[in-house]
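Here come two complexes built around chain A, the first alongside chain B, the second alongside chain C.
Coming up: the complex of A and B.
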């Protein structure tokens, strides 16, 4: 199976007759992690330091970075909860009260170590400037520095494997350069239209708590109706 | 002093941990290895039965007033809902409830919602049946919502009761328009149209997202004319501010008196900037309520009682005209506990209701909860005739 991101980078190299720029590499990773128009089943496992383990399963319908809808399948006590991202606005449906509520874009998705932006808004080049920090024989190491106040982090560092154009590791820093979180990627899996890491582990450096995200399936041959992203369709 | 020393030591240790952690990674330009490949779980098959939710709830209550104690155990509830979408863009929905009330020693089946929705060209919807749709921001009362004004306090009993309607909607991403015909003005014990039910009214409802502000406007022609307006905004992604207003051309009150051209106003602010806690404060001016003189007069004819208050359903806490409402919540404390507290305080007399609740998230299916409701109020207050001073409830819910 052709890898979309790899082709993207190859094309960039051939057309430019040079090695890809840092932005080219990041654009390829973005296209893989957050393509347009797909449905996916994500499983989140929050490992807390006191031994508590919480499992969530969310079915996402994504049109683009500004339009994403999630339906909670697990745990059973949360089943039916919905979340809708429309640009910067986030709405949720509370099934127990049959109520739609606009909520703040909080730092944590489903109580874990991924933020809403980490899960639903992989549009780094819109908010960060990319430049190579280093390059080895097998990997590019790219620094992404925030160039807008909307960015979730002041800086990110991304490790990308040259051979596959897949991300391997990502660090997240605040404005003082303090490392906040570490993200490891692995288990690259073929989902038909593209290959991407299917297993991600985000670690909070301060609390040492971790959240594992598994991409259980991705389906690109879907026709997501426009009204899936209407606020009034939540819960219906 | 010992505590202060311990805090300083803790801060010092954290400082060094962060310092050395960053020393280790600040210039980390080594190759990364990523995660080792493992066998991935297969995705479970999608349900062919549409969206299904159900739960069983057991509850025990104790109400106290002076030396009098009243117990109710067991109260039970079984709830099930199904939402099925056909490829033809037709949705069927059913949401029912089977309850057992120990005090009345009876069980009953209740239809929360049932009906069919037909979608056209993504933007048009025709719904026929019994349906619920709420969006107003008020915590306990939403005067701008002409159909679902009162909101239950948090608890494990779900409140998804709809109204019988025919709804024609035009919807887009940032706006919607609803024409709602309400053919039934009363329902029976099962939530079905009552025997003597008559046409209730017609409502026009619209919602717009105007940049940073969400606006909802409702106009209702019932036996009187009503209008509702809701505005809300989020500032710095932390602070929520909102206003709800309602106009009643005439409002029939409990003592059969009526109020002409009355307004209700709800002004609210909330903090949502933390995943660990949230807060709300609201001021409610209830223009359809009783002034002091009116209340004194009405008390001669009607006995205002709070016997209908429970941990999950507050039917008439707003008899007078001015209230302060406050709530605080702390979700997933120590990962397994939810806490909630709310106070409704009359600004005209000594009436006050306080509610605290704790929940334990035992696992994916079971949640155990405990609630305490306190009702205060002197002889002159709207809660003077209350049936109890405190209500304690314990509940256990199994979701599947």
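Coming up: the complex of A and C.
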């Protein structure tokens, strides 16, 4: 429904001769990547430059943009680890130590190339100003410039397919314009309530290390208990 | 008494072998103790010199809690740094120079080998750093130091990649991802120094391109592209192995902390008492700041030196215990051999105190002679080594360090006093026994 509503909005904008703004497009992508109230199973694979490969499986429960909870299912060593986002704060529960620790959202997620914010904070319009860098027949290319000190990157560039309103590619830059990371989106899959890219590859352009994220499953008919998003409930 | 002293001196020469044995014992004791102190003092002087003149500076000013927060949140403990502040310090008669440093943790990526390592990056001002830490230049093992005049500010780049992107297909393997057509890199000219272990770990060579990846004060990710220009090795144990150095202003700019630094290193004027400066600065700066001497910062070395001194004191005690035992032994033998002489002296009217004085004087002469000869030999040796130096390496280090042994005049006087005191203490008991003899019985002893 949300996908249809968004496509309808875009189509209406075109038909009505009012082209969508860059913010409209980004808002649609945000809503598609991080809708409210769902559970999803994500598989992360970190491909390190030394040849080692690490696999993680995390079940995410998301209430809204400010409330997200992740529970590590694999590997066995990490089973029981939890991660909780409450607004701008991120907490993790480490089962081995039995402790809850507040972590920075810029830190690497599970040792890969995604940061915690990349995975848990798809609220770009809150921290970035969106404007078109270019527009082709098939794609919008949007620059997102940080306008808040809470932004993780000075600038991002997002490629969005007009036909599907799905993201295709995303670049991340530092404040001088140096490219830091590239995120590739693909394998758009229908998860019922919405379709979204089910395969993402984040590449650190300097270290050439890559992390692959696969969305294995998304479930929207869930009733996530409120206490899942309490810090003191982590590990219980 | 003068007669007795003359007799005592003459007696020293009467039993040459016994005198020689005692003197050699004192001689060796003095040589061992003074020589060991000389080497130890030279080692400790090298520790202190390296800490103050190569690494830390005489004193440092930090935000309170610096040591605890440096790794976890280096931006939380920044202190102001500006010309006005520097002038405020250098106006003091006891401070010669001030150098700022900025310390941040990040990743160092070597482009050619695609190796990346976590690293502590220190931004330093090449001009003032070499005044405050003049021996920093001697830590350079390869290449050259950073030259501020060769630094060029990074010029912003604009990504012109506005071409269409292609969707990631299901089949696309990680090896066959579409390469990035245009990789914008904001370049300036930035020089970077690293430690040898980092150089080895990254498989890097001088002149290679490296990228420093860090989070700025706003927690935004930043990249600094630079060139490896030198390898720095302090050659000291217990110093962080993964370190990189950059120009202070370049790092300030990338980290977004203009007008701030992590610490201020201070060079005190010659012969100034660092603890006094520390106390005065601490009082004038207030509770938010802490002033530490190089020994406070290098606490490990202060503890090591404390331990060395404690062990040395024990060694001194044991050595002089052996010396005392040897003197007691020979003195007792002497008393036994000279029983008739003691009886004769007493029969001639010498009192018991004179007998004690005679034997104690003999020991003092032996102690003084043995001690003085020992000191002459060991001081000559230390003087020679103090001029030529002894080249060595600290355990686990590959950098040669030159140790210059030295002993203070006070220590020399203490050793001489100790040698004579040991002689007196050791001879007192035999002398007392001799003084308690009955003249008639002593005279009849065969």
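One rule holds in what follows: the second predicted complex is superposed on the first by the 219 of 236 C-alpha atoms of A that agree within 3 Å, B and C clash if a C-alpha of one lies under 4 Å from a C-alpha of the other, contacts with A are read in each partner's own complex, and residues count from 1 in each chain.
By our rule, a residue touches a chain if its C-beta (ideal position, glycine included) is under 8 Å from a C-beta of that chain, and two chains touch if they have at least 3 such contacts.
On a predicted model such as this, the values are computed, not experimentally measured, just so you know.
Aligning the two structures on chain A places chain B and chain C in clashing positions. When chain B and chain C are set side by side, the one touching more residues of chain A is B. Of the two partner chains, chain C is the only one that A:153 touches; chain B does not reach it. In the superposed pair of complexes, A:222 makes contact with neither chain B nor chain C.
When both complexes are overlaid on chain A, the residue A:77 reaches chain B alone and has no touch with chain C. Judged by the touch definition given at the top, the superposed model places A:52 against chain B, while chain C stays out of reach.
Judged by the touch definition given at the top, the superposed model places A:206 against both chain B and chain C. Comparing the two interfaces of chain A, the one with chain B and the one with chain C have residues 104, 106, 133-134, 136, 138-139, 141, 157, 159, 161, 168-169, 171, 177-179, 184-188, 197, 199-201, 205-206 in common.
Put simply, chain C touches chain A in their complex at residues 107, 109, 111, 114-116, 154-159, 161-162, 164-170, 172, 174, 177, 180, 183-186, 211, 213, 215-216, 218-223, 225, 256.
Listing the residues of chain A that touch chain C in their complex gives 47, 49, 104, 106, 133-134, 136, 138-139, 141, 146, 149-154, 157, 159, 161, 166, 168-169, 171-180, 182, 184-188, 197, 199-201, 203, 205-210, 212.
Of all residues in chain B, only 14, 18, 21-22, 25-26, 28-29, 31-38, 40-44, 51, 53, 81, 83, 89, 91, 93, 113, 117, 119, 122-123, 132-135, 137, 151-152, 158-160, 162, 169, 171-174, 176, 207, 209, 214, 232, 234, 237-238, 240, 272-275, 331-332, 334-336, 361, 363-367, 397, 399-400 touch chain A in the complex they form. Remark: chain A residues 41, 43, 46, 48, 50, 52, 54-55, 71, 74-77, 79-80, 86, 89, 95-108, 111, 133-134, 136, 138-139, 141, 157, 159, 161, 168-169, 171, 177-179, 184-189, 197-201, 205-206, 214, 216-217, 225-227, 229-233, 235-236 touch chain B in the complex.
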